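Below you'll find the structures, each written out as C-alpha cells.
Each of the two complexes below includes subunit A, the first together with subunit B, the second together with subunit C.
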Partner chain A sequence: MVVLGPARERREARSARWARLVPYLLIAPVQLLLLLVLVFPSIAAAGMAFFRSSFGIDATWVGLDNFRYVFDDYRFWGALRNTVVFVNVVVYLEIFLGLAIAVLLATQFRLQRLWISIIIAPYAVSAVIAVLMWKFILEPDTGFVNYLLGLLGMERILWTVIPWHAFAVVVLLEVWLNTPFTFLILYAAVMGVSQELYEAARIDGARGFQLFRFITLPSVMPAILVALMFRYIFAFRTFEVVWIMTQGGPLGSTDLLSIYLFRNGFRYYDFGVAAATALVMVVVTAILASYYLWTLYRTMVRDAR
Partner chain B sequence: MKKRIYTLDRREFLKLGGTAALLAATGGLPLRVFAQGGRTFVVVSHAVHQTVATTGGGGDIVAPWLAEQGIASVDWRTAGIPQVHETLFREASLNQTNLDVGYILNTHLFPRIATLFDPLDPYLAENPIEDFGDFFPGMIDSLTIDGQLYGVPVRHSTSGLHWNQAYFEERGIPGPPETMEQVAEYARQLTFTRSDGQPVYGFVIPGSGQMHANTTDIARAWNGDFITTSYDVVCAEPPMVKALTMLRDLFVEGVLPASLIAIANTDLDTWMQTGRAAMCVGGMGRNRIYNDATASQFPGQIETMAIPVAEELVGQFEVAPIKTEYWSMVIPKASRQKDLSWDFIQELSTKRAHLAMALNGNGPTRASTYDEPEFNSRLPYAEAEKKALAVARVPLPAFDRSAEAADVITEHVQAAILGAMTPQRAMDRLALRLEGLLPG
Partner chain C sequence: MLGRRAHENALRWLLLAVVIFWSAAPITLVVVSSFKPSHRIFEFPPTLIFTPIVSHYVTLFRQWPEFATTLVNSAIVTLGAGALTLLVSIPAAYAYSRYSSRLLTWSAFGMLAVRMFPPIVITLPLYPIIRALNLQDTHLVLILLYSTFFVSLATWVMKAFIDEVPRELDESAKLDGCNVLQLLAWIILPLSRHGIVASVVFVVVYAWKEFLFAFLFTTSAARTAPAIISEMLGSVTGVAWGPLLAAATVQLVPLLVFVLLVQQFLVKGLTIGSTKG
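Then we have the complex of A and B:
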C-alpha cells in the first residue's frame, strides 16, 4: 500500500478539483455568450410583455393588458388562423415532397449527383432574392407563368387580387425554398436503411409500395419527426417570404403572426404588444415542439425494445 | 536554426483585447473620429436629403458650412423611411447620443414622440432663421405641439397628375383632363395594346405600402378625407365613397392594372418610363425621373400638373386640395452638441440654401423659392406645385396610432377596390375601426 504524504495528497486533491472544473471553464465562454445574446434578451422581452412600452414614454406596468389587447384584436385571430393553416400545409407538403424525392433518388439512377444538386439549389438562394425573382415571374400582367398559362388557355394566377391565390403563392414559395432542407434530412435517413431489411421483406413476398410502407417508412420515422419539428418551428416564424411578396395582403389573406408582431413592434412601436405576441408564439411553438419530441421519444423507446 | 514563433504575452493580449473591446463597444467611433480630424457631425435621414443638400445643379450647401465649423464631413446615416424613424427614435430615447440632427416625416411627429426632441423656440429666439414667416404656415402649425415648435420643415412632396403627352396625341385626346371625371374618361381611352404588343394602362396609382395616402389623392378631387385634421372620421361620407367607386370601376374595367396592390412608387417609375402607364398620380418631383433621358423611353414627354377637382367642386377650388407630406429637421434631447445642431438647421433653412436644394430636386418648404426665376425656369411643374401647395393638406393627422390607422385604412380600401365589399360598406366598417384608434 502506497502512503501519500499530506503535501502530495493536497496536490492531488487540487489537481482533481481542477480536472473537474476544466470542462466547465472550457464551455463557460459559450454559455456566457448564450446568456448575453439569448437568455437575458429573452427574459427582458418576456418581461416587456407586461409593460406599456414605446418611444417617448416610460415603461409602465400594465399586467395582462397587452395579452388582452392581442386576444381582442381581430387581426391577431386572422393572423393566427392563417399561420396555423400555412404551417400545416407547408410542413406536410415539404415532408411529402422531401420523402418522395429521397425515396426516388435512393433507387440510384443516372446523374444522381446532378439531380441532388438541382434539388438542393433553392436552399443556396437567399430568400429575399428568391422572392423578388418569383415576384417577377408571377407578375399578374407580364409574368412568365401567366404568359404560359395564357398559352394553355388557362386562368391567370392573380395573387394580387384573389386572396387564396396569394396564399397559395406564398405556400409554394416557402415549400420551394425549404424542401431541400427536409430532403437532406430524409435522404440521409433513407440511405441509412439496411438493405438486409429489404431483402428479408422481399423473401417474405413484399413488393413495391409494401416495401416503402413496412420497411422504409418505419425506419425513417425518427428522421421525419426531427424534420417535422424543425420545420414546424421555422415555418411558424416565416416572415421575409410573405412580407416581401404580399406584405400580408390582399385583404389580410397572408397575414401571419410574424407579420402581426413586426407591425406592432416596428411600425406601431408598441413593444409591449409585440412582446406579448412573441410570447404567445413561443408558447404555441413550444407546445408543438413538445408534442413532436414526445412522439419522437416514444418511437425511439419502442424501437429500442 | 530554430524558427522563432511570435507569441503574445499577457500584457500584449490585454492591450489588444482592450482595444478591440473599445472599438466593438463604440461601433468603431474612435477610428471614425480620428478619420474625421477629431470632430464628427451625425445626421439621420433618407438618402434623398443628403442628395439634395450636396449634389446637383444647386451645388453642395453643406461643404462651406463644414469648412466654417472645421468638421471633416457629415456622417449621413441614411436608410428607408421606416428605418430612419426607428433609428431616430431609438437614439433619441437614450440618455446620450452622438446623433446631432434627425429628419422626421410629418406623420411621425405627434405629442408622445415630440417629448424626445428639443423645443426649438429658444434656439429660434437666440439665433433666428432668416425670414421664418416665409415657411408654409400649415407646416409650421403642425410642427407646433402645445405651443412649442419641434421641427423646421425642409422638404415636401406634393402629389400631382403625370401624363404621357405622346399617348395623348396617339389616342387623339386634345389636352390634359380638367376634372376628375375626365381623368377617368381619358384613362379608359388610354388603356390599349401597343403595336409592339405591350399593354398600356390608362391610369395607375401606387397600391403597395402607402395605399391610404394614394387613395386620399383621388378623394381630394371631391375634397374627401379619411380623418380630418380635427380628428373627425369622415371616410364613410360621399367624397371618399365616390373616389373609391371610381377606382373600383376602373379596376373592374381593367383600366387599373390587376397588380395594383403590389405596385410600389419605384415600380411606378418604371411603368411611366417604359410606357406601361399613361397617367399616374404621385409626388410632383418624380417628373424628373419620368423624363430622365438615360432611363425613360419618353424623355421630355411626361407632363406634370395639379390634380383636377371633380365637376361638382369646379369653381370652389382651382385645383384639388391634394395630399402633401413633408420632412422636418429636429434636435434629439439626448444630443451632445446642440448649438452645432441648430447651426446646421439654420444653415439649411436660409433662402439661399432652399433655392440650392430646390435646384438639386428638393420640394421647397419656403414660399419665396417659388418666386425665384432660376427655380421656375428649371422646374416645368413649379407653377402647378405652387397652386397645389396653396390648398394641399396632409393625408392623415399625426396621432399616436396613426401608423396603425394607415394599415387599417389600406385593408378596407383594398376590400373596396378588389370587390370584397361595396365601397360604402367598406368605409362604414372602416369608420367603426378608426373611431377606436383616435386619441381621446
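Then we have the complex of A and C:
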C-alpha cells in the first residue's frame, strides 16, 4: 500500500464528499422547479383560503368565513353535483369506448397502423380547437347535425339555450378529446394478453363474447383501473373545454367546480372564496389519487428498504 | 361456415368505419371547409370535391395581424418548455437510475405525487406574484409553468430508458476520467435517445394546446395561438366561419403531424408513466 501525503488525503476526502453530493446536485433543478412553481404557490393558495383578499384591498384574516360562504352557496352545490355527474359519465364512456375500440383493433386490420393513427388524432386537438370544431358542427341554424336532424324531423340541438343539451355537448367534447388516451392504454393491455390463454379457453369450448368476458376482461382489468384513476383525476379538473364553450351556462347547467373557482377568482376577484374552492378540489383530488399514492409509496419507499 | 366468416369480417370493417368517422370526421370537416368559398361551407351534404381557395387564410391574417405573432409565441413557448423539461429531467433521471438513498427515494415519491396537482389551484397565488415580479405577458412564465407540470413524467420516462443502459459503461467511462456530465452527454444520452423523445412529447403537446395559463398570464407580447383563437371564437358573428376554420387548421395541423410522427413514443411514455408511478 502506498503511503499518502496529508495534502493528497485531504484532496481525496474532498472529492469523496463531492462524489456523495453528485446525485443531489443532479436532482436539484427538478426539485427546485417543483418547489418554486408548484409547492410554494400551493401552500400560498391554501393560506389564501383563510383571508379575504381582492385587488386594492389588503388581505384580512377571516378564519373559516370563505368556507362558510362556499358551503352556503347553492351555486357551489350545483357545480359539485354537475362535476360528479360529468366526471362519472365522461370517464365511464371513455373507458367503454377505449376498450371497445381496443378489442376491435386487436383483431388486426389491413393498414392497422393507419387506423391507429387516425384514432389517436383527437389527442392533437386543443380544447379551443375542439370547441370551435363542435360549435361549427352544431351551429344552431346552418350546422350539419341540426340540418340532418331537421331533415329527419327531429328536435334541433340548442346547446346555448337548453340546459341538458349544453351538458350533453360538453360531455361529448370531453369524451371525444380523451378517448385516444384510454384507447392507447387499453390497446397496449389487450395486445399483451397471452394467446395461449385464448387457445386454452377455446379448447374448453369458449366462444366469442365468452372469450372477452373470461379472458380479455380479467387480463386487462389492471390497465382499466389505471386508466380509470387517471381519467377520474383529470376529468375532475376539466376547465378549458367548458369555459370556452359555455362558461358554465345556460342556467348553470355546465357549471363545474373549476368554473366556479375561476369565476370567483378571476371575474369577481374574490380570491379567498376561489382559494377555498381550490382547497376542496385538492382534497378531492388527493382522495381520488390515494390509491395511486399508496401504490407509489408501497413500491418505491416501503419495498426499497 | 364461410358465409359466417364473411359476415363477421364485414361487421368488423363496418365498426372500424364508424370509429374512424367519429375520430376523423370533425377534424377533416374543419380542415377541408377552411378551403371552401363562404357560400359552400355549410352546403349539405358536405362535399370533398371543389376548387380549393385560400382567401380565408388571407382574410385571417389581414383581420387578425397579431395571429402570426401568437403562432411564433406558441412555437417559442413550446420549444422552450421542451428544452427546459429535458434540461432538468435528464440529470435527475440519471440520478434516480444510478444512485439510491432514503432522501432520493422520498424526493422521487414527492416528485411523482405532486404530478397529480390541479393546475388551476396555483393560478390564484401566482396571479399577484407574477405581477409583482413584472413577469406578466412573458414567454418565461409559460415556459416555467408548462415544464413544471411535466418534469415528473419526463424524469420517470427518462429513468426507465437510462435503466436499460448497462452500468458497466458508466464504470469504464469514469475510469477514463469522465465526470458525470461528460458521461451523461457522451455515453448515456446517445444510448437512450429514444427516451429523450418519449419524455419530451407530452410537454410539447401540452404547451402547444394549453389555454388556461396563456389566457390568464399573457395579453399581447407572449399571447399564444389558443388564447387568441378563443378570442376570435367569442367575437365571431353570423356565418363568418371561414377565417376561424383557417385559424383552427393552422393551429392544429403542425401538432397533428407531430403526434402522428411520434406515435410510438406516446405509447411507450404512457405505459411507463401510468404503470410505473
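The definition used in the following text is that the second predicted complex is superposed on the first by the 269 of 305 C-alpha atoms of A that agree within 3 Å, B and C clash if a C-alpha of one lies under 4 Å from a C-alpha of the other, contacts with A are read in each partner's own complex, and residues count from 1 in each chain.
Everything that follows uses one rule, which is that a contact is a pair of C-beta atoms (placed from the backbone, for glycine too) under 8 Å apart; a residue touches a chain by one contact, two chains touch by 3 or more.
If you're wondering where the values come from, they're calculated on a predicted model, not measured in any experiment.
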Contact-wise, after the overlay, does A:F266 reach subunit B, subunit C, both or neither (first, second, both, neither)? both
Looking at subunit A, which partner touches more of its residues: subunit C or subunit B? C
With the two complexes superposed on chain A, say which partner A:F71 touches: subunit B (first), subunit C (second), both, or neither. neither
A:K135 contacts which: subunit B (first), subunit C (second), both, neither? both
Touched partner set for A:I118, first subunit B, second subunit C, both or neither: second
After lining up the shared chain so the two structures overlap, which partner does A:I57 touch, if you call subunit B first and subunit C second: first, second, both or neither? first
After the superposition on A, what does A:W18 contact: first (subunit B), second (subunit C), both or neither? neither
Counting only touches as set out at the top, which of subunit B and subunit C does A:G249 meet: first, second, both, neither? first
Could you tell me if A:V39 is touching subunit B, subunit C, both of them or neither one (first, second, both, neither)? second
Does subunit B (first) or subunit C (second) touch A:Y92, or do both, or does neither? neither
Subunit A contact set shared between subunit B and subunit C covers 135, 139, 142, 266
Subunit A partner, complex, touching residues on subunit C are 12-13, 15-16, 19-20, 22-24, 26-27, 29-30, 33, 42, 44, 46, 87-89, 91-92, 94-96, 98-101, 103-114, 116-127, 129, 144-145, 147-149, 151-152, 155, 180, 205, 208-212, 216, 226, 229-230, 233, 239, 241, 244-245, 248, 251-252, 255-256, 258-260, 263, 266-267, 270-271, 274-275, 277
Listed in rising order, the residues of subunit A that touch subunit B in the complex are 54-57, 135, 139-142, 156, 158, 160-161, 246-247, 249-252, 263, 266-269
Using the touch definition up top, name the residues of subunit A that touch subunit C in the complex. 22-24, 26-27, 29-31, 33-34, 37-39, 41-42, 44-45, 48, 101, 104-105, 107, 109, 115-129, 131-137, 139, 142-144, 147-148, 176, 179-181, 184-185, 188, 226-227, 230, 233, 236-237, 239-240, 244, 258, 261-262, 265-266, 271, 274-275, 278, 281-282, 285-286, 289, 292-293, 296-297, 299-301, 304
Would you tell me which residues of subunit B are touching subunit A in their complex? 82, 86, 89-90, 92-93, 112-116, 199, 208-209, 257-262, 401, 403-404, 407, 410-411, 414-415, 418, 420
